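Once you've had a glance at the structure underneath, I'll fire off some questions.
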Amino acid sequence: MASDGPGAVRVAILGASGYTGAELLRLLSSHPHTSIAALSGERSAGSPMGAVFPHLAFGPPGGFVASLPDLTTTASVTIIAQLPLDTVRVVDLSADFRLRDVDMYATWYGAPHAAVELQAQAVYGLTELARDAVRGARLVANPGCYPTSAQLPLVPLLTAGLIKPADIIVDAKSGVTGAGRAAKVGTLFCEAADGMSAYGVASHRHAPEIEQGLSDAAGQPVDVVFTPHLVPLSRGILSTIYVKLADGATADSLRECLATTYAAEPFVHVLPSGVAPPHTRHVRGSNHAVMGVYADRVAGRAILVCVIDNIVKGASGQAIQNMNVMCGFDESAGLGSTPVFP
Amino acid sequence: MASDGPGAVRVAILGASGYTGAELLRLLSSHPHTSIAALSGERSAGSPMGAVFPHLAFGPPGGFVASLPDLTTTASVTIIAQLPLDTVRVVDLSADFRLRDVDMYATWYGAPHAAVELQAQAVYGLTELARDAVRGARLVANPGCYPTSAQLPLVPLLTAGLIKPADIIVDAKSGVTGAGRAAKVGTLFCEAADGMSAYGVASHRHAPEIEQGLSDAAGQPVDVVFTPHLVPLSRGILSTIYVKLADGATADSLRECLATTYAAEPFVHVLPSGVAPPHTRHVRGSNHAVMGVYADRVAGRAILVCVIDNIVKGASGQAIQNMNVMCGFDESAGLGSTPVFP
Amino acid sequence: MASDGPGAVRVAILGASGYTGAELLRLLSSHPHTSIAALSGERSAGSPMGAVFPHLAFGPPGGFVASLPDLTTTASVTIIAQLPLDTVRVVDLSADFRLRDVDMYATWYGAPHAAVELQAQAVYGLTELARDAVRGARLVANPGCYPTSAQLPLVPLLTAGLIKPADIIVDAKSGVTGAGRAAKVGTLFCEAADGMSAYGVASHRHAPEIEQGLSDAAGQPVDVVFTPHLVPLSRGILSTIYVKLADGATADSLRECLATTYAAEPFVHVLPSGVAPPHTRHVRGSNHAVMGVYADRVAGRAILVCVIDNIVKGASGQAIQNMNVMCGFDESAGLGSTPVFP
Amino acid sequence: MASDGPGAVRVAILGASGYTGAELLRLLSSHPHTSIAALSGERSAGSPMGAVFPHLAFGPPGGFVASLPDLTTTASVTIIAQLPLDTVRVVDLSADFRLRDVDMYATWYGAPHAAVELQAQAVYGLTELARDAVRGARLVANPGCYPTSAQLPLVPLLTAGLIKPADIIVDAKSGVTGAGRAAKVGTLFCEAADGMSAYGVASHRHAPEIEQGLSDAAGQPVDVVFTPHLVPLSRGILSTIYVKLADGATADSLRECLATTYAAEPFVHVLPSGVAPPHTRHVRGSNHAVMGVYADRVAGRAILVCVIDNIVKGASGQAIQNMNVMCGFDESAGLGSTPVFP
């Protein structure tokens, strides 16, 4: 984004041939202050957008720019390291700058971090909880989809000391867009439809990202039990979170804390007591996150449920939200669309 | 719509508790010139919108107005007959004013028409093909979903005399929103998912509506073979249309005729030769219609394929498009959203 | 089942107009020792089976018998109480006889138990873990779908003292057949497809049923955190279970315990270490249960995953398995079908 | 199949790593007269069946045999040409031996036929209509899925002269298993779910296969308009067929002809007048074909609808049915399973 304030910003999207890239284009097509300056997608270099994504054929113009390589975990950090951050602002949707501890990065991602000094400048962009830092940032690490759905309800509760840091369990379910657009047998319609499974049990890279955020909030190391699941829907993440109440806390006090925290937020909503639990279809295609808080039958426990659209609030929508904050735009610019139901 | 020109128009939606009502609210939430003045839905009278449709809880405000009865085939015509059409404009999404021949209406709908004189004023609102008439109309009959997908490709070809009026066959497939939101065993997830069937074979009420439009275009009575099918998706209609070429016509000349007819249209698109056939996901959530023309192996024949989102271009989107034309707004107002994919 | 041993058994199915009734007929159509003597389904009284379930039109013969009322929670216990249990054997798929504590039954089901004395004779039929008791039973309470998927992995581990009785969490996901065949808006295709939600949070009736089984195994009262979810597929339950290891226990010792427990079982399978987690499609349409055991990243914890087809092993299949044991048939009779994939 | 009559037959499956191969194994697991002697699947050579298809892990034993190459259009004909047909019987699920006219084969398949002399011995195995020829055959060409659904209703009507040979249109819709198990972007869950499209318009290889069968029946060359569609379900084909009545014929006489033709058939069923049209879910997982006949509103026309499970009656089931006839087994052996619904 080549701009330092309000006005027309020229946007370059690296890796525009994937689902998050297409979603960035869909959302930016209604953004009042941006124009698409460059798109990259190695596999599709030179192809017109309408050939890569026919649903965009009648939307934003602009063909692929072949000069930029496809965005991959290794490539993006290299490209970003070469960008002049005094004139260019970056929102990185990859995982490269999410973990502050570069040793932990090396452990989980199997290679040393390629831009340690840049990491020091990066801001973790869970927008509602890091707005001030994002405002002044040149490089924002956009949070992962699962970490967004887990941290939005948990961080305020740990900060307020309303839940115990121990025995936090996040059972998360994701739609298939989370697996990307690469052709694999496991995500073929006939393999993924009408069934479900857990995957990456006790080994998913989003676990340390969640723990980093919760540890910051708790002021002490927090371990999280995290299990992702693949369910047969295109868009949506639902995280069911099991917590133990701190002394004196109740489900009602947790709900009140979250309702107060997010009272003024346009995209984060806390359901009142007594209404039906959140449904992923009710945020589909939007940047909204909806959460509910429930007292458990088992004494001293509560259950939190949070839903988002994994490629909007969980990826492209939050990236635009961060861009808006960085550029001084209305934070909701390009994000005003109502959820699509059915 | 209480207005005679550009400016803020107050909109009342009768039957807002169904899928097309919800879609009207979703689309109008981005309309620059309208406000919601009244919503009716008998089953849900008095309920806040967010209780009837949670995905709208964070979108447009406004609860249900209990004073208006639910919109039903019989009720709407009665209500409309009582409205002062000199000050109110009506877009009727029901079938009541679609058939000019009130005897045919009585035959297909099982009761005499309740407002014969109003029928004489009604304009059939297939927008692209009736723009001038819609502009001056006080009462527009919004076309059915299947008839929209069938007439957009067929009317220009019959008008131009490029296809024969005989042996036209429309094999149409619809998503389940077409069956409405009433609780029925046949549209339960476990009955409708992962399978398909034909229904209303040789007896669907959209057949005479299609024939009316095609007969007008051909200048002679046209019979149409029409078979609807229910397929396991929420939004989308795909009509596969089998036609015989007039002497001298070719698939290329048909495609050229349609491309010329719709060249300046923002919502109707004719695919060039050699690209993949239209897919319903590529218009999902948008007001776009996309069509392709194919030469058949069998001499003297062509195959047309047209896709729309049945509750947007096939219902609520076209209704707003007609409202925009009636009120002198930008025809695309409230209809600018890019299709949602995946 | 009017028989005391091997040979042709005449089967009466009360409530054959629902999904579990239809599944009983599908499975019994390949059973070598049974014949259908009577079917009841009040809503469908007098209708031929092929009209109620067209997929059965070419399968087992026999129309509905109108003399028996539809099976409902209240009705079945009354009917069963009138049956001569010296000559008739009963497998009750309802919840009436699952809870030994009739006060707890009254609390959870909102009415006093209608057959307290019969309750004393009822055997809880989780077949693999109650085979001897089932063999001599006249009345078997068939386990619920969620309790089957939770108890199969947990009971042997609690019995062996390998996991702690505290902090057991069962996060369960079910296909839509679990909601039954009644016409409701919430289970319409357009409401349930392409999305998911939790329901009955901290209030589902299967929780006390699970706790009863786990408490028996542990020899002390066990509380369970249980959250069911509705996911967009027809058949399948996946339970993700979070447990704490007893001193000295490891994920490997848990897996070994379960592998040993079920080594000779035709329907319960424990995955070896290192293979992909269980997928519901791999048991679809069969009586198989498949489970995996995983060491957690968090010290002292393990994660168990168990999948079943909710209307086979979770209902009709286990009912036939229990019938086979009660009647002295091969326990796999009528249950030999391979899972249907895709 | 190394056998000349009833008794245990040793079956070798070439290409067992695809969906039709897996379905052959599922169905043969309940066959009383066969044993699996060899399985081939190049991609999976050496892998145990449970690794390639986990749903078969608890079903039929037997790992992959690496000595045979994977079954591909080119390879199978070569392998078959080397087999001793005096001792081995072959059912070929590929298209190599379906077209009698080897010049037409070359035109449609882009290469000269590799075994012209074998072609002369091959029998086209649409079982119900070629039973006697199949009985004596050494090599049976198993029909394609679309051609099976089109020829079962059309062949008897053309043979009886009840419909005109001109203007026959087959609009066919298939589930995604028809696209095979190869990893392709177009059949990923996120691309294929919740949408539909036509494909291979006027260019699908099943068209000449259908025309061959209809021309034989009519005793004159018959052209067929054929359009396949991909719909979001795993198993099922629905063909909607538009025909013109011969002089004196009516929809009732067509239905009566088909009902008489298939009266004694265990797998082909003609719906009586007045019942709901056939639904693919009602044949799911079974070898059944169900058809309905409907009078059209347009004079002189009728509409036929036929549903099958594309990988059972449309592939693996019919292959076993042909094997049963060739080997003198009960024609229903291994094919007795009731459809799986929901």
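Structural remarks
Order of writing sets the chain letters: A, B, C and D. Residues in each chain are counted from 1.
Quick note on the criterion: a residue touches a chain if its C-beta (ideal position, glycine included) is under 8 Å from a C-beta of that chain, and two chains touch if they have at least 3 such contacts.
All figures in this text were calculated on a predicted structure; none of them were measured in a lab.
Interface repeat of A-D: among B-C, A-B or B-D, over half of the contact pairs recur, by residue number, only in B-C. The greatest centre-to-centre distance from chain C, using averaged C-alpha positions, is reached by B. For chain pairs C-D and B-C, the one joined by more C-beta pairs in contact is C-D. One inter-chain figure worth recording: chain A and chain C are separated by 38 Å, centre to centre, where each centre is the mean of the chain's CA atoms.
Rounded to a whole number, the gap between the C-alpha centres of chain C and chain D is 37 angstrom. Averaged C-alpha coordinates give centres for chain B and chain C that are 46 Å from one another.
Residue positions 19, 177, 190-191, 193-194, 232, 234-235, 276, 279, 281-282, 284, 342 of chain C are each in touch with at least two other chains. Across the complex, chain D is touched by residues 167, 169, 171, 173, 190-191, 193-199, 201-203, 207, 223-225, 227, 229, 231-236, 238, 240, 242, 276-282, 284, 292, 294-298, 301, 303, 305, 307, 342 of chain B. For chain B in complex with chain C, the touching residues are 19, 176-177, 181, 183-185, 187-194, 232, 234. Partner chain A is touched in their complex by these residues of chain B: 19, 22, 25-26, 29-30, 51, 53-60, 177, 193-194, 234-235, 269, 275-276, 279, 281-286, 288, 336-342.
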